[in-house]
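Residue numbering begins at 1 within each chain, and the chains themselves are lettered A, B, C and D in the order written.
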Amino acid sequence: MISEQLLYSLAGIGLFAIGLRATLLHHMLLPRLLALNVCGAGVFLIFIAIAYAGVENMADPVPQALVLTGIVVAVSATAMALALGRRLEALKDE
Amino acid sequence: MIEILWFIFDIMLVLLLLALAWTTCSTQDVMRAVTLFIAMGLLLAVIWARLKAPDLALAEAVIGAGISGALLLSAIKDYPSNLMVSHRSPVMRGMINIFTIALTILMSWAVWHGIEMSDGKRLSEQVASQLSISGVSNPVTAVLLNFRAYDTLLELAVVLTAVLTVLILNEKRADHKVISPLLQGMTRWLVPLLVITSGYLLWVGAHAPGGAFQAGAMLAAAMILLQLAYPSIHQGFNLYLLRLLLVIGILIFVLVGLWMMLLNDDFLAYSPAWAGSLILIIETAATLSIATALTLAYLGGRPTGWENGLKKSASHKDSHTDNGRVK
Amino acid sequence: MIDIMAILLIFFGLFFFLSGSIGLLRLPDVFSRLHALAKADNIGLAFVTLGVIMLEPNILNDIKVVIIWLLVMAASAISSHLIARRALREHRGDD
Amino acid sequence: MMTMKSLRSSAKLSLALLAFWLILTAGDPASLIIAALFIVLAILLKPPVDHSTRKTRLNLNFSGVLQFAWFFMLESLRGGIDVSRRVLSVRPRVDAVFYDYSMRLQRPYAQQLFISSISLLPGTLCADLDNQQLHIHTLDRHMDTPEGIRQLESLVGKIFGEAL
């Protein structure tokens, strides 16, 4: 059980690092947003990796609930950022 | 034997996930990046299922692979360049790389120790001990709608705020042009099925994986599909009803909370006998709100005629600036 | 006996999925890749569905699995059509 | 506002959706309140009636359905094997060509079933359609594609009672 927890939480850290690096490297909004979302996915993965309790058991419900809200908030935040970016582009054209 | 198979499966999932994340972040073409990102969402859904978090798998499949995909694909058009290249100087790039690697090592060390030293005591035991009075038998729903109902209420508020920002900033995006009659034909029978499945997810959330978030996302997916196949369909929506639907989740949540405050002296402290029904009522309202919010978020701004009937002068000014922008 | 048959069927299905994915990687253009995916997934899922039905005694769950199969089939037919149409129109330069 | 006809079609839809709901929930009676709410929602979200589909009246021919299902099964199997053989050979054998086919089916449902099945059968993929004209992509110019498609079309026609 510990080996799965370790494997997946290390994968989560990897995902976070990949996302973070790309967020810092890119200038444009859309690539940055994608990278931030990859980052977020990494955080979710760490949560759920630690919640893992073996193949027979359900994962710990509290982190599951947190990540569930996290997913919905992430998509709303992405939508908001896209809207801000679109408005910015429109203002630039003016 | 079986452990080795599981291990091989785990390694494959993890490597594929990291590869998808890496290519998403390093490809030069935005379209490609978005496609890879959607694929990563699907893979994450599989991983949640593997890690025994079926509630998440459902939500991720609908949101990560479906809705955020639709959202990002339609947003690509809004941006001037289809290329994503980084213009950082070599020194800067090196510093970013070093920083990331150092952080990764630090985090790995922390997680390693965290897992090694954990005494195995989990919040899940507390949840399990209180589950019988929560009104539902799915522990995730119990956490979301009962034990940590505040979080969920505020999360709905966050979603509402994000959508209001979207609505304030922009007009709805321009429609697609040519639509395949085949897609329209499929939509006619698929959307009712999606709506019913969404209702099922809402209902089943009380005792099995599912609940308001998954149901709301599924309903939103149905509405987005409808919008893709019939671009003018939103003109038929009653915009006052749409406003009501957008806030009804929070409204019902707060009303129930206040009512419980009168009865039990605490905000959102349900009486155990009613908890099940109250949770179902709140979840139904939340499903409708989440669906409306995600659909509006996908549209990318105010649907046509959003301002009608509200302050004439304000709407006039708005359309004026919009005209100015087009020039 | 039934278990072995079911597992055999599921493995057949997986073989078709595998060849579909190999087709996605090896075939030269969008259209032929779509061929590989649509056909291989259709028949692959059919075998997996049959196998799962043999393993699952609950008739309601069997019906659900069949519904999933039909939905996936419809989705893959429509989506391959849409992708092909898009590619064709982009190729011709109109949109 | 609602005409008799749309009322009847809504009633039919709700019955079908109710059946679907009962399959999903295994007939739990307490769930029917939610079912009612979402059936109403599904009817409200029904897309506007397209005038070309107005005239359709579904009269399914049962033996036609069986014949089609049999044909479809055999052909999908053939399609799957064909594709995997092509893909797994040392050099993927593809000799693609586009091919136009004018569809004779008239009813929209029949057309949709026909077009969707084309993409699942061996060597063919419906790429585009312009009224009755289908633009079909075939993997191999030496296959007797037109014959297979014509056969498929008459089988689909039989289901919906269209003699071709």
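We adopt the following convention: a contact is a pair of C-beta atoms (placed from the backbone, for glycine too) under 8 Å apart; a residue touches a chain by one contact, two chains touch by 3 or more.
In this text the structure is predicted, and so the values were computed from the model without any measurement.
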Selected interface, B-D versus C-D, where C-beta contact pairs are more numerous: C-D
CA centroid of chain C to CA centroid of chain D, Å: 16
Gap in Å, rounded to a whole number, between the CA centres of chain D and chain B: 31
Distance from the mean Cα position of chain D to that of chain A, given in whole angstrom: 38
CA centroid of chain A to CA centroid of chain C, Å: 30
Sequence positions of chain B contacting 2 or more other chains: 180, 182, 186, 193
For chain D, residues contacting two or more additional chains: 24, 115-116
Two or more partner chains touched - positions in chain A: none
Chains touching one another, given as label pairs in label order: A-B, B-C, B-D, C-D
List of chain D residues in touch with chain C within their complex: 23-24, 26, 73, 76-77, 79-84, 86-88, 92, 94, 96, 115-117, 119-123, 125-128, 135, 137, 139
Contacting residues of chain B [partner chain A, same complex]: 6-7, 10-11, 14, 17-18, 21-22, 24-26, 30, 33-34, 37, 40, 44, 47-48, 51-56, 59-60, 63-64, 67-68, 71-72, 75-76, 78-81, 84, 86-88, 93, 96-97, 99-101, 103-104, 107-108, 111-112, 114-116, 122-124, 127, 139-140, 142-144, 148, 151-152, 155, 158-159, 162-163, 165-166, 169-170, 211, 213, 217, 290, 293-294, 297-298, 300-301, 324-325
Residues of chain B defined as touching chain C within the complex: 177-178, 180, 182-183, 186, 190, 193
For the chain D and chain B complex, residues of the former touching the latter: 13, 17, 20-21, 24-25, 31, 34-35, 37-39, 41-43, 45-48, 50, 108-109, 112, 115-116, 129
Complex contact set, residues of chain C against chain D: 15-16, 19-20, 22-23, 26-29, 31-32, 34-36, 38-40, 42-44, 46, 60, 63-64, 67, 73-74, 76-78, 80-81, 84-85, 87-89
